[in-house]
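The data blocks that follow each hold one structure.
Two complexes, one shared chain (chain A), two partners (chain B, chain C).
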Partner chain A sequence: MIYEGKKRIWSDYQKEIPDDHYFYVRSCIRQSFFPASEATFLDITRNKLNKDIFETEHHTTCGGIAYHSDTIPQETVMTIIARQFALMKKYGYENYVSSCITSFGLYCETLETWREFPELEAKIADNLKKTCNLEFAKPKFLVHASDLIYKYRDLIASQAKYKLINKYSGKPLRVIEHIGCHYSKMFPSKGVGGAEYPYVLVGMIEAWGGEIVDYPERRHCCGFGFRQYLIQSNRSYSLTNTYKKFESMKPFKPDMIITNCPGCPYFLDRWQYVIAETQGKTYGENGKGVPVFTYEEVAGLVMGYNPWDLGLQTHQVEVEPLLDKMGIPYDPKEKYLGKNGKDLGKPEIVECFNNR
Partner chain B sequence: MIEFGFGISPSSRINLDDFDKEKWNKLVQIEPEILQCISCGSCCASCSGGVFQNVSLRSAILNIRNGKTDSAMELLKGCMLCGKCTMVCPRNINTRNLILSIYKTYSEK
Partner chain C sequence: MVKNKIYQNAIMGKLYDKLIQDYRLKEGLNACINCGTCTAICPAAEFYRYDPRKIVTLVQTQDDKEIENLLKSETIWYCGECMSCVTRCPRKNAAGLIIMALRSLSIDTGLFMESEKGRQMFILCKDLNHNVLNYGYCVYPREFKYEGHFEAGKIWKWEHEHLDDLFERLGANLDGGGTGAMRKIPQEDLDQLKKIYDITGATERLEKVRAAGLKKAKELGLTEEEYIQKLYTECKGAHFNH
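The block that comes next holds the complex of A and B.
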């Protein structure tokens, strides 16, 4: 192998990620599915790593869910996105960081469409002026929040209290990494490692001590796919995708799954329960499921955050077996307590596989 | 069990390793005309059984080539051997004979 040649080829798969000063936009669905992930991202970047990450209450949805379920036209979505970019400029930022993969993919698609059709860009700028009286702008750098955590992975590792290592065996935890399709499959040059070698999550896992599991359906979609899920009669497609992935990863005995998309952790987590109920199959140890995390949750665990402050009690699959393996202390009594000790109520189904 | 209103769909994956070359060669030896099939679908369009049941010689041949012999046999199960498909086949394949030969070859375990 000619190492220099390989190094040159790999450099083509890299992405420029500025170190600081970002305008942050949240995700619609992550705030309800994984309520603490975004707060953890902001806490880590702002307070632990001292970065300038700005967000405003004036930003709205990117329109992605409506767009991908064919309920609003593309020009409407583009005007919504132009408004977000205009807000970025208004507050004096040039770097744009998105929490959501759907939004990230849509921003890439919009910028690419504007590049190819300048007359459409002019029309959207005009729409923006008429509807919101804001000045049209485009970000200098567009990144996803996982790109930033990837960039800061060594800084996080240097402040880490725990590692992705099984304290009982002393071996690295076997981690499945799952990239959101809209991160790099639509515009490969916009993701770290492109569509062929997505490295954004792999980099984090390696830096924090884990071991990557390579399995046949590693790059298969989780099954969200908007229309596959939004219409109940189509949900078999969604469920079958997830089932296919779990059947494929089963022989490799993974300890955990880490994802960078809003839909993927939700479906990989919740569908495990449906598979357990309908097929009687579970994929973790001792009849349990495989815990699924967002990258912010894993960063938070590694940095020693209280698991319940990370919102891990909102997961379908129990996370306690993994916390035990990592040696992270937790109080089971606090599991269903919210902010300021408010009782959240215990869910009816507390395990992945409810033996009834 | 909870009824969710949806479930896991059967796999449609084609695994060419399942293709039984030995049996295929045997079939070709008995019915070399199978190699002349152009999958035009005339046989299915004229099939009386196909109106009421899931009968399709065209799909059955395709399934055999994809190693899915069980579903191929299912697709021929409703054939009444009326011979209409033989009359319409543009390649002059004796489809009636072919169906019997497929059944004979792939019924043997």
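The block that comes next holds the complex of A and C.
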């Protein structure tokens, strides 16, 4: 990568991210598969950095997956989004932070469509009044939750207990960053660093001591594809796209992957398991997989959270090799315990990863 | 033959008129120059027999017969809606948005039932909107069962068996009151979602897809569950590039 050139590109795509006071909206997929990531985001921002991040139990899905699976009309999803925005205003906020990338892209698209077609915006406002009796509003600032962690990256670094540095070699860890497609592919100006070379995760990795791995299929989709994953007979589409990415990154020997989309870490983790099980191929060291993380999990590791509080036991690819490299202590006996040490048994060991 | 001719006359000049009412087409089609950049970057084009350049060109002809063929086809269902095509189009077109408009019209006209991939809408409409209207989420972990998702791994099998304990351990609030991950969303909010569905055409779409699917199941002599299983697992068409 020609770093100076990328810095120029990044400087063209810097978005304004207010420092504080946000209305927080959760992600369906992140809640389902990485619930501790959202808990970590809120703990870091509220309790470690003293930011005002407000959540109400009344917000719902934005409907994004149902919409991108073509099951509901555009007018429906826009009215649900208008309801979310109206709740923001009702609770006295004008900055909106989304945990989900699909939602974030859809919010960007919706605001742009309303700007271009005011008659549609008026219709949605009318729908909102009729169905929810709420006052129509639009956020003054719209950000993704990874934008906020990017904004706070140096503050997090200042409180860091661990760095993205290999304690055995003393060298920076080699980190793959994977950006969710809907973060900036549709509206490059809405993402930190644009669409071709987004800086949002790169900034975190650099601030926390890691080294970015550039590889040919860096910007390729993880392969979710909505209907292409949700229906079993289409699922090879999803698998094939992940396979393409891993084949492309393999020669660069990454230590870890960090993602900002809720779905991507699930697919990049689970399809590694399927590839290992069906093809006997692995992409990490010593026959293991490459650990995949959400950006909240990485922030949490850097700040010294217990890996099992971060939910790293729910990954199919074992994270211990990365924890060892970072020098993070962990108790293997606690890995699969419930709250207050409750015995939950253990998952079946998968043999395809040369696991312990 | 006469019936077909009447049908043809009824749709000629009509499908493109309907398509252009869709805001996604208005936003997504700005005089395509047919360069093929969208196809070169498209994850679906590499995997499926799919060429977004060709589809955009056909739509741009405004030829209703060609559009009707698209609405009946498998090809409009191959896109993953990743929107990678949008970034690099030199004319700021959005093939992905055009596909979304075509899919909506395919459902509205009932032509989605002519393709194997189109008929999959029955499951998608049923499952996703069951989650939205009953729980307030597109994905709800209790409904995401290992038996339908072996790729989710042994870890998900274990997690699913211990969802309540594990979510509590991870600071979530599964089905609980108040805020938090996977909290129980109050009924008043679910009622508002249902009202939104009713007045914006979602309920009508779901009913239309369901009725068409049940009719097809009856024709095939299948129960609803057997029909769902067929749709979920069957892959008969020549969909793939390799």
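Note that the second predicted complex is superposed on the first by the 337 of 356 C-alpha atoms of A that agree within 3 Å, B and C clash if a C-alpha of one lies under 4 Å from a C-alpha of the other, contacts with A are read in each partner's own complex, and residues count from 1 in each chain.
Heads up, the rule we're going with is that a contact is a pair of C-beta atoms (placed from the backbone, for glycine too) under 8 Å apart; a residue touches a chain by one contact, two chains touch by 3 or more.
Worth saying up front: this structure is predicted, and the values here are computed from it rather than measured.
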item: Which of chain B and chain C A:K346 touches, first, second, both or neither; value: second
item: Touched partner set for A:G338, first chain B, second chain C, both or neither; value: second
item: First, second, both or neither for A:H315, with chain B first and chain C second; value: second
item: Which of chain B and chain C A:E119 touches, first, second, both or neither; value: neither
item: Of chain B and chain C, the chain that contacts the larger number of chain A residues; value: C
item: Contacts of A:Q279 with chain B and chain C, given as first, second, both or neither; value: first
item: Which superposed partner A:E16 touches (first chain B, second chain C, both, neither); value: neither
item: Partner chain(s) touched by A:E4 [first = chain B, second = chain C, both, neither]; value: neither
item: Residues of chain A that lie at the interface with chain B and also at the interface with chain C; value: 232-237, 239-240, 244, 274
item: List of chain B residues in touch with chain A within their complex; value: 1-2, 4-9, 11
item: Interfacial residue positions of chain C with respect to chain A in the complex; value: 22-24, 26-27, 43-44, 46-48, 77, 79-84, 86-87, 94, 100, 103-104, 107, 117, 120-121, 123-125, 127-129, 131-132, 136-141, 144, 148, 151-159, 161-162, 165-172, 177-183, 185-186, 189-190, 192-193, 195-197, 199-202, 205-206, 209, 231-235
item: Partner chain C, residues of chain A touching it in the complex; value: 26, 28-33, 35-36, 38-39, 55-61, 63-66, 68-76, 79-80, 83, 105, 112-113, 116-117, 120, 127, 130-132, 181-182, 185-186, 188, 195-196, 219-221, 223-228, 230-237, 239-241, 244, 270-271, 273-274, 309, 311, 313-316, 336-339, 342, 344-350
item: Chain A to chain B touching residues, read off their complex; value: 232-237, 239-240, 243-244, 274-275, 277-279
